[in-house]
Amino acid sequence: MVKRVGIVGASGFTGAELLRLCAAHPDLEVVAATGDTQAGTRAADLYPSLAAGYGDLVFEPFDDDLADRHALDLVFCGLPHGASQAIVPKLLAADRVVVDLGADFRLKDASLYPTWYGAAHTAPGLLADAVYGLPELFRDDLRSARLIATPGCYVTTATLALAPLLRAGLVEPTGIVVDAASGVSGAGRPPKPNTTFCAVDEDFSAYGLLTHRHTPEIEQNLTFAAGADVQVLFTPHLAPMNRGILATCYARPTAPISTDALRDALRSAYVDEPFVVVRDEPPSTKATLGSNTAHVTAYADERTGWVVALAALDNLTKGASGGAVQSANLALGLDETAGLPIVGLYP
Amino acid sequence: MVKRVGIVGASGFTGAELLRLCAAHPDLEVVAATGDTQAGTRAADLYPSLAAGYGDLVFEPFDDDLADRHALDLVFCGLPHGASQAIVPKLLAADRVVVDLGADFRLKDASLYPTWYGAAHTAPGLLADAVYGLPELFRDDLRSARLIATPGCYVTTATLALAPLLRAGLVEPTGIVVDAASGVSGAGRPPKPNTTFCAVDEDFSAYGLLTHRHTPEIEQNLTFAAGADVQVLFTPHLAPMNRGILATCYARPTAPISTDALRDALRSAYVDEPFVVVRDEPPSTKATLGSNTAHVTAYADERTGWVVALAALDNLTKGASGGAVQSANLALGLDETAGLPIVGLYP
Amino acid sequence: MVKRVGIVGASGFTGAELLRLCAAHPDLEVVAATGDTQAGTRAADLYPSLAAGYGDLVFEPFDDDLADRHALDLVFCGLPHGASQAIVPKLLAADRVVVDLGADFRLKDASLYPTWYGAAHTAPGLLADAVYGLPELFRDDLRSARLIATPGCYVTTATLALAPLLRAGLVEPTGIVVDAASGVSGAGRPPKPNTTFCAVDEDFSAYGLLTHRHTPEIEQNLTFAAGADVQVLFTPHLAPMNRGILATCYARPTAPISTDALRDALRSAYVDEPFVVVRDEPPSTKATLGSNTAHVTAYADERTGWVVALAALDNLTKGASGGAVQSANLALGLDETAGLPIVGLYP
Amino acid sequence: MVKRVGIVGASGFTGAELLRLCAAHPDLEVVAATGDTQAGTRAADLYPSLAAGYGDLVFEPFDDDLADRHALDLVFCGLPHGASQAIVPKLLAADRVVVDLGADFRLKDASLYPTWYGAAHTAPGLLADAVYGLPELFRDDLRSARLIATPGCYVTTATLALAPLLRAGLVEPTGIVVDAASGVSGAGRPPKPNTTFCAVDEDFSAYGLLTHRHTPEIEQNLTFAAGADVQVLFTPHLAPMNRGILATCYARPTAPISTDALRDALRSAYVDEPFVVVRDEPPSTKATLGSNTAHVTAYADERTGWVVALAALDNLTKGASGGAVQSANLALGLDETAGLPIVGLYP
């Protein structure tokens, strides 16, 4: 039976991507989409790409009765950080899955929110219940989840590259550098001076140096994988492309190791994963465009004693909405891969 | 029952796009793919985007027994012009559909091949049997087709913009200008001096002026629609993007007409079409990215007495491989929309 | 002796381009730059590209005494349409050249302003005195000009392609189509929903259909060249690139003509022009990037009876600030080419 | 008196950039340009951007008498590695400056060539005489140089970011990571499968992992600056843009240090440099486009104990041809900044 889906905060890029994925999903049907600033606008007017699939869908304002009125089985929340924690408690119900795509339920330690997000959490009691939506780490928990916190896009990328190496004890938990580059869609839809075409095209630059909010989330995941405190320096860059994230991660081996041994560890970790490919060449963001697939690899440099682990994915698909659908599939008891492209556009 | 599919000439961009679409198609399974210059190469090594879906697929060389050996129900041919006419006769069989993506069976008048393609046709007897793979014009014929000639990408675009206006007698058949721009994937995979990144990025230029081979094919379609000889001047341009075609077409109205009346004619023509959207705003190639959907509109300019008709689509999907799958679906008796994205990526 | 230059409205892209050009100009020194919304901001903070050349320049607010206080020999005005006509009368002085880069003094017929710009002109008495800043048409007048109206970017492009053919009587003045594409910098610096990277990148679309404000200005120039009323349909497109305009223009020959004869007419017109190159290949915007050079060519199509004339240039250089400096050089009695790049970046 | 310039291997991108810069240089005039594979071709046909400045320049084949026949004061060599060492000895003369843009004279230790370039050096006696063309490190030596080895583009970038910190003893010489991204022009003009538009556009990926040839050259410079052996892991990436390099460098502080102290060290090092700007924001490649200016900055992260130093520049200007002209200016006794843009294009 097709599940009834609502999207709260559907007017952003992750909302548009959820609508794209749901249009091709055999078991999900979007019956409601809210977008407060766009309330009353046809989805197809804001995103002409949706015209053939959602000709009649109109963004509505959010209200507390939304989920019940539409008898929603599943709610995706694509709200700015801080906004979800106010709304999610109203959406939760025994027979409903809520998948949050924001930051509000990702960090388990409530004390980190004031530091990294500038305000105390208003629903800290839910943090323990929220399941972190990374099937490669938490698949079993996701099967019974009612509240899912979809990871940040950079976080999924860095985690997929490094977690198996840390779990296997192959690299040191300290001194890790995550140097990453993202396409511009990661900055969201609203126009800003630093995301105009003329600011970004033909430009490459770093931003958020030392202070990017995905830092504690990367550390949380890698600490979980390592079983020891992990600290990373995370440097994001903006690349002149729509989509895609590449993380190039540097770590110190715990003992001399070869490139082959590193890749064996990755292959062993991901052998049964439908959406992770271990490659022998450097991963390319373009090879993941529009798909829910991540590509990973690793290198050991004997000369300098560094391990380099790399991962690439589409920040809006595997790094956001696709990952959210994958987790939702698990929580709803559907085929984990239902509706999710494993092959992306090329070129 | 799933249909067994072969792709001859699968190593080009239309081949990669066919593999993408078939990976999500419920009724098609690719069991063979040839690529003479790439024979022995894993598809996923040439196109890493295919890695998660076609990990084991290896390009094989073509041989005459290919279709029988693999018991193919459907063969897509993505060969350079001239090459298909040598191979297609060997592929045809009573219980098999052959969908050619090249130019060899598009023009009905065999005498046009020497002029536009530089050589006489070697299988002219098949031209009458080949059904032109544009469902919006030839849906009924496609249902019983055994040989399908998929239109050129520019041709589909210009035809969708102009055919309804000509059929309804709203514009004159003479003096038409089709001014179009395409993304670079239309030029194919092999590296050429004029398709390197450094040649194309930040550039916009015209090419093939007066002599582009899609000209007679546009004229053939529009003559069919108009019921009178149509002559067009076609000017293609190269735009710095991967995919997408926009055609901006200029014609003279047969009598004073309004913008509304033009759009009414378009809406009337396309009301039941699953993959054509008539819009009130100028169509955008990006709104069609990765989907099989075309967007069209028209304007009447009282001041200068011109009609402007515009269409946008993804040259590799609706303009090539997606159109080919749509036609194949019809010929195989499947749901016409099976496996075809109606919503594209944004952004 | 170095001329003292002020730039009013310097915070936009044409202002930044003027600052770039003046930095390499042997005879011009920028001593004042205004930018009301950016007053107090260092130019190098808004445009880091200026850091090495203008480390100390701070945008100041405009005031009526600006030109006298700074003893300006030359004022460039880069204000939105409507704003220049209020300010220019205050800047004019016997010993000073004012070069307006906006639309306010381009159209000679005051009655056109309400139609195309939505308001009556407030200084119509200056329209007759203003010299249109296109040296290829009005070089002699520019030598004695005190007020110069720099053409619109599309207008310069279309005029350079068509004016010689019309002047020579080779094409008909009616039924002309100007189909053009521009890079995104033409839309200016302020962020807008339709000029974000994610809206533009990988997109090609038309805009301003039938109603773009450069239309009457193209007609004014071509009417001047033809000596007869010219009417054009102008269709601009937005291409995913920073800079560059290509105009592809369609006209009817007055008598059968060859491609060679068209190019002879262009070569004859431009033989002594330092910034116009007549080519035998389709012009490319990239070949003009960052230079003050325009490339033009033409084709005659016997089959359909159309003439196609094309021109390419950099919209911010030859199409705006470079053209403005060229005109200023003439008015100040300097070498017309001083400080202007004739060779652009490649790639 | 204007110096007579020859360019050997002028048909590549660094050659085109040298021609651009020389066209605006008051003291240099290009009188000969060789390009063996392009011999007989007009420079303006290969690079239409040169049409207005070099309408008559034709690439000629190289011969041993070239420099004498043309009475060259200055020869730029833009040949592939290995080719320069065969030709440069023939070009050297007491009254002539030879500026090599390739790798052949960059490494002082002849034993490194077999390891990193695959063959023994054939003119090792010249290595000691060659002056490394980085004025920020070797200005005095350049004033009397007859043979100049222009640095690799990545090398200039990384060196400008790190050398002052190493020289001041602020960071450790071991364990350094240089993570960098370059535009595609760094790969040169000839078409290759991995530099087509469709391979690069919308892609970001690493390449040359662990083995890029600029590694020993970065180490040579930084060892010179540190006065102690420096070892770096260098990871280049390819970004979808024409020009520009950003290096994000990670090093360990020798003692706890602040961001301010790092920037003070940079400012102190570069206070008199005409082409290096120290900024308080992350540098952007676009801010350097087409200019000879480099932007640098640094950050100290107390939390993780890392120092991050960043530099951006235009790989074809400051990173190649502009740096070469700067060095040539010094060697010829000209103004060091003559003919070199300090302000780049924006946008």
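We call the chains A, B, C and D, going by the order they appear; numbering starts again at 1 in every chain.
Note that in this section contacts are C-beta pairs under 8 Å (C-beta built on N, C-alpha and C of every residue); 3 or more make two chains touch, one makes a residue touch a chain.
Computed from a predicted model, the values in this text were never measured in an experiment.
By number of C-beta pairs in contact, A-B leads when B-D and A-B are compared. Put simply, the C-alpha centre of chain B and that of chain C have 39 angstrom between them.
Averaged C-alpha coordinates give centres for chain B and chain D that are 46 Å from one another.
Distance between chain centres (mean CA atoms), chain A to chain B: 35 Å. Shared interface positions of chain C, defined as residues touching 2 or more other chains, are 13, 184-185, 198-199, 201-202, 240-243, 283-284, 286, 289, 347. Chain contacts here are complete: no pair of chains fails to touch.
Chain A meets chain B in the complex at residues 13, 16-17, 19-20, 23-24, 47-55, 184-185, 202, 242-243, 274-275, 277, 279, 281, 283-284, 286-291, 293, 295, 341-347.
Those residues of chain A that touch chain C in the complex are listed here as 13, 184-185, 189, 191-193, 195-202, 240-242. On the side of chain B, the complex with chain C involves touching residues 175, 177, 179, 181, 183, 198-199, 201-207, 209-210, 231-233, 235, 237, 239-244, 246, 248, 250, 282-286, 289, 299, 301, 303-306, 308, 310, 312, 347.
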